[in-house]
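What follows are several structures.
Shared between the two complexes below is subunit A, which pairs with subunit B and subunit C, respectively.
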Partner chain A sequence: MMMSRILKYRELLLGAIILALIAAFSLRAPGFATPRNLAGIFNDTSILIILALGQMAVILTKSIDLSVAANLAFTGMAVAMLNAAYPGIPLPLLIGAAMAIGAVLGAVNGFMVWIIGIPPIVATLGTLTIYRGLAFVLSGGAWVNQTQMTSAFLDTPRIPLLGLPLNGWTALLVIAVIAVIFMRTGFGRALYASGGNPTAALYAGIDVGRTRFFAFVLSGTLAGLCGYLWVARYAVAYVDIAAGFELDTVAACVIGGISTLGGIGSVAGAVLGALFLGVIKNALPVIDISPFWQMAISGLVIIIAVLFNARQERRKGRLILRDAARSPAPAAAEGAAA
Partner chain B sequence: MSVVQVVAEPAHPLLEMRGISKSFPGVKALDGVDVALYAGTVTALIGENGAGKSTLVKVLTGIYQPDAGDILIDGAPVRLADAQAAMRAGITAIHQETVLFDELTVAENIFLGHAPKTRLGLVDWAAMRARAGALLHSIDAPISPYARLKDLSIAQRHLVAIARALSVEARVVIMDEPTAALSYKEVEDLFRIIERLKGQGKAILFISHKFEEVYEIAERFVVFRDGRSVGAGRLAETGQDEIVRMMVGRSVEHVFPKVEVAIGGPVLEVAGYSHPTEFADISFTLRRGEILGLYGLVGAGRSEFCQALFGITRPSAGRLALEGRALTVRSPQDAIAAGIVYVPEERGRHGAVLPMPIFQNVSMAVLGRTTRAGFLRLAEEFALARRYAERLDLRAAALSVPVGTLSGGNQQKVVIAKWLATLPKVIILDEPTKGIDIGSKAAVHAFMSELAAEGLSVIMVSSELPEILGMSDRVMVMREGRLTGIWERDGLDAETLVRAATGNA
Partner chain C sequence: MSTMPLDKPTVRRIPDKLSTPAARLLGSWESLLAAVAIAIFFANSLASPHFLDPWNLSDATYNFTEKAMIAFAMTLLIISGEIDLSVAAIIALASTAMGAAAQMGFGAPALVGIGLGAGLLCGAFNGLLVARIGLPSIVVTIGTMSLFRGIAQIVLGDKAYGGYPADFAWFGQGYMSDLSWWPSWPGFEVVTFEMVAFLVFAILFGVLLHMTAFGRRIYAIGNNAFAAEFSGIPVRRTKFVLFLLTGLMSGVAAVCLTSRLGSTRHSIAAGWELEIITMTVLGGVSILGGSGSIGGVVLAAVVMGLVTFGLGLLNVPGIVMSIFTGLLLILVIALPIVVRRLRASS
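Our next item is the complex of A and B:
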């Protein structure tokens, strides 16, 4: 009872904090809380939200994917060059190609973790460098500029629909699809089970390694999608785009209450965690706070969120012991579990 | 240090334990045990699993404090307040799995925590290496003190562990199943070291299940049963049969709720099941409504065999048939789909996914059944969970609360519900009552009878003889990865099983 209440409470709390921040900022900067500006912030945070959801799938299985930003940079470069070289390729095909390339890069991570057994943090730290290196090899270090890319490629995500650009709608669509996958499919259930208790999952017939592999594939696919969105948004592709952005995705998950120990977390939490970072990033310059303070504030929030998570997990442990010690009746039933 | 060659056994014990008792909630682990150890003598401590041997070791090494009784060294009472005190008193133990450090050198491992110091309080490396070298030499171990532990073989590490145990001026050396992980040749080496320690006048407590070893190396013995010392004396004057009787000769003090069930036709037929390294040539037939006990010493390959049956590991040879049809099990999914489930040891740790809601835990092993067109049907999952929650009297505020918020007993019911939901034909229970108190055991046994009465077939892996004898329709014994026999319940006695399990023909 307590844990679910904390989880629900936690997401409500995070939502409330975001609203309070928006209210506070709008006092200092009138116009901050207009629907137009808020839609802008959401649109601006879309890529982080999508990446954070991929990262969440990986973190749920007790892993981490540090290569998402490098994956994004490589796929972004690849589709930008494709577009520049063959302007005739229709956009849906390019987006499909971005996701497919991202999926392959994600599968490489998954393969190393599943089949070779390399710890996820090491495997993806390696591919982080490799994928950026490949982006350099692919482009020869050259940039793909706005003038080389087609207008369909660059402008489609900016087309507004009901006040929100397609870029933002893409994030909403991804949130919906991911929510269904996580809550309503066997794969989603396997993600939670294999992180929550790998041994129990194994004995229940869930292939923990394969689940983890597909979590990396999912994370890679979303990173590929974001590769296109990023290049279109900033109208330029070069080797160093989104450098360090993988840490923002992890931060969004941690702030959103995705346990780094695996098995705990909700889609709403990850989305709110990303939005929180998005609001801070967009609001602080508006009220004239230096970017260095932004970083410090983000860091502080991450630490507070981790403390919150740690407390939550400790409470979980205590609860079991106390109950087991308190009543002899459960002990009898404990035996019956055999 | 003058070495006394002990020829005859000294009249007075070097270490004596009198009336030592130690209780834990619900369990009396030691109940007034008496043990005497003599200088220059190996005393074997013999007993079933759970007889209190490990507790005794922990009392002697200062990890547990006895509730009652005295420990005397050279006739004078001592208090072993903690591990340091026991070490200072000259008591040292070599455990089955010694904790050593891979990245440190042999000398560092030996003296970790009590390294010789210079006048400035810094580690005296020269002295440390010299003393490590001398210690290794004293046990005939050709190992350099400079070598890193990770470069040594298992047997060499064992020697380092022994050197470490001896580095504290030990007078009493406890060896807790030291041969469990050793090959035949390595056991011979170990015995030479023990002979040498004997020659140095040390009192040795040797814990082992293996009778050949006990008779080869020890002069005296103590037998433990249910936390009591039930016999002691000289091995030369005592036959193996007598010791086996002491080990198992109990009045069955708790009545097993075994229900007579009409045993049906064959359900699971196993033929020649083998694994490259863990077990070989296991064949038997499991019948409907039968409880088949699987007895053996710890490490006999029982769990390994059961895990292969369940698809966690792959056998190298052998065939399976379920209800007359050939069956190939490549993964737990295959096993569950066929109707075989395996409930591992330590259900607390391996049983439920605590952060997950109850209904998701219950449906976890049967997700295929609650999925339509790729999507989970939550309503069906809830219905499934509700059905088993009612049947098992599971108490929870709602079926959507995380299992981690439930009491221990209700958590266990969730785990049972998960397995029953798979509608199993064969259920493998690995040490179903390990570490739980008598009352809980009775509940488990009653539940097992209930399952059998419903027509399920049960394989019960157990190291506890009363449970094996009390609950099984037939008993299968494994020893060192091989099946040593299958016995019908009628007329079966504990001695037969202990002999089959220990290789004492």
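Our next item is the complex of A and C:
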């Protein structure tokens, strides 16, 4: 009860901050808050939103996936080369292939975490370099340029529908599907349970390891989808695309209130966290601040968000013992009051 | 399922006889690493005729000396149960600070002071957030990694700082034989300043971790921070000092690297945090905290340096080498787990 009220408050707060930012920016640049520009910002942030939702699934289970951007680079390169070599392959098949390759790469992470028991941060730090290295091996370091890819491959995500390109609609679709999975299915419950309290989840009959595995597969699948979207959006595939983007996905989650300790967070939070970064990224050039500021600003925002999250997590009362050790009498009184 | 704490009660068998020190040494991670290092050394000298040239080998040490100096501090930090992903970003910020100071005409001693000071400040900031306020170090240092490198990016933009004073170049490029007191024995002329710094810091950190009460406390904290606190160990203060040390060593590496490159861009040392953590974990330090040794990390640094150098002599591109680094990282963590499980089932 208490928790859900704080969470609701948090998402409202984040939404209000984003609206305030948009209002402030539109004072400086009147064209900023037009529906057209806002749709453009949403479209520009779509890939981050989709990746953040995959990252969220993993973080909910008390893990982290640092390989999403490398996965994106590899799958993007793979489908771009497929498209360049065999222009006859229909687009749905290519998108399916991208998601399948992404899922396999995600499953490799999940396998290492589930079956072998490697800590997730180490496993995905390793695959981060391996996947990007494999993208180099696959392409031989060469670029796949706009002229080599078919127009259907490049232009489909740009087709506007009701003022929003299909790229943006894809993000909306993914948000809807993920929201249903997280809030209305057993797998969604298992995600929250295995991060919130793995021991209790085990006694409730949830296979925590398997849940983690499928969280990584989900994250990989979405990264694969984004591999296609990224290459189509920027009309070029090379080894270093989206370098460092994995940190943006973690940042979006942290800003959105997804606890890195697992088990806490909402789909709306992750989406708003991504949008927050998207609005700032798009606003900086508008208000004449060099894009070189973006990295420092997102770093600062991450730290502030972690501070904010910590206050929230502390309410769970896990630290009673430590507080009691420091000052026995008052802590005992507090315990009685609670 | 092995990660589940309550899955199976741990059974500790008491062995019939205690292993002798010699047997323990033979079966240790360090001796395995030493064997690997020797094997790679031989493989390299067979693969390329240029490998055994002393000047070449001296050059090869630059592959690991700077990273290893940070890895020593990172070892202590990881043993205590924390991690610092911002080390490479600290290098970028410290190097930018030194570059800015060089533009203003400061001399080499002042530049070194500024580099170390910037490292210390960054370490203190991490320490404040993690040890003082109690935030999780992984997320905090992902944030400060963005922040520190972001500040370097704001200052530098797409430009580069150069024009360091001539005597500043010695830290990253100089040989010890430039000093009058250095003995002129055969073979000693190829020893660089960085090699000596690497060895000195290895000894300092080795003594600190393995021979002082402070070192024992780090293990105690990593194994059970609660129990450590109840035994009167100042957990937070110790962790704060460890973040300070890591920042300081990043400053030292920044001095060496900037001096070696002679210029500063905002992308300096990009991705190093990964290689430094790989080096630490390869050295036998448990990523979950509580165990590890400086000797292992020294050997791991040499192994990684030899592998990189050998592959470089064979014209393998850097990004393909990173596949080996990634595989190495996963294998060295997976192997002990798999071996332990096989042993338990037999």
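The working rule: the second predicted complex is superposed on the first by the 316 of 338 C-alpha atoms of A that agree within 3 Å, B and C clash if a C-alpha of one lies under 4 Å from a C-alpha of the other, contacts with A are read in each partner's own complex, and residues count from 1 in each chain.
By our rule, a residue touches a chain if its C-beta (ideal position, glycine included) is under 8 Å from a C-beta of that chain, and two chains touch if they have at least 3 such contacts.
This is a predicted model, so every value here is computed, not measured.
Using the contact criterion defined above for the overlaid structures, shared-chain residue A:Phe136 touches subunit C, although it does not reach subunit B.
Contact with subunit C, but none with subunit B, is seen for A:Val306 once the two complexes are overlaid on the shared chain. In the superposed model, A:Ile50 lies in contact with neither subunit B nor subunit C. Contacts of A:Ala204 after superposition: subunit B is touched, whereas subunit C is not reached. In the superposed model, A:Ser298 makes contact with subunit C only, not with subunit B.
By the touch criterion stated above, A:Ile118 is placed in contact with subunit C alone, subunit B being left untouched. Comparing which residues of subunit A touch subunit B with which touch subunit C, the overlap comprises 199, 202. Subunit B meets subunit A in the complex at residues 310, 312, 331-333, 335-337, 342-344, 347-357, 360, 364-365, 367-368, 371, 374-376, 378, 397, 400-402, 404-413, 415-416, 418, 429, 432-433, 436-437, 439-444, 446-448. Across the complex, subunit A meets subunit B through its residues 1-4, 180, 183-186, 189-190, 192-193, 196-197, 199-207, 259, 263-264, 316, 319-320, 323-324, 326-338.
Listed in rising order, the residues of subunit C touching subunit A in the complex are 1-7, 83, 129, 133-136, 138-140, 142-151, 153-154, 156-158, 226, 229-230, 266, 274, 277-278, 281, 287-288, 317, 319-320, 322-323, 325-327, 329-330, 333-334, 337-338. Those residues of subunit A whose C-beta lies close enough to touch subunit C in the complex are 64, 112, 116-119, 121-123, 125-130, 132-134, 136-137, 141, 198-199, 202, 208-209, 239, 247, 250-251, 254, 260-261, 290, 292-300, 302-303, 306-307, 310, 321-322, 325.
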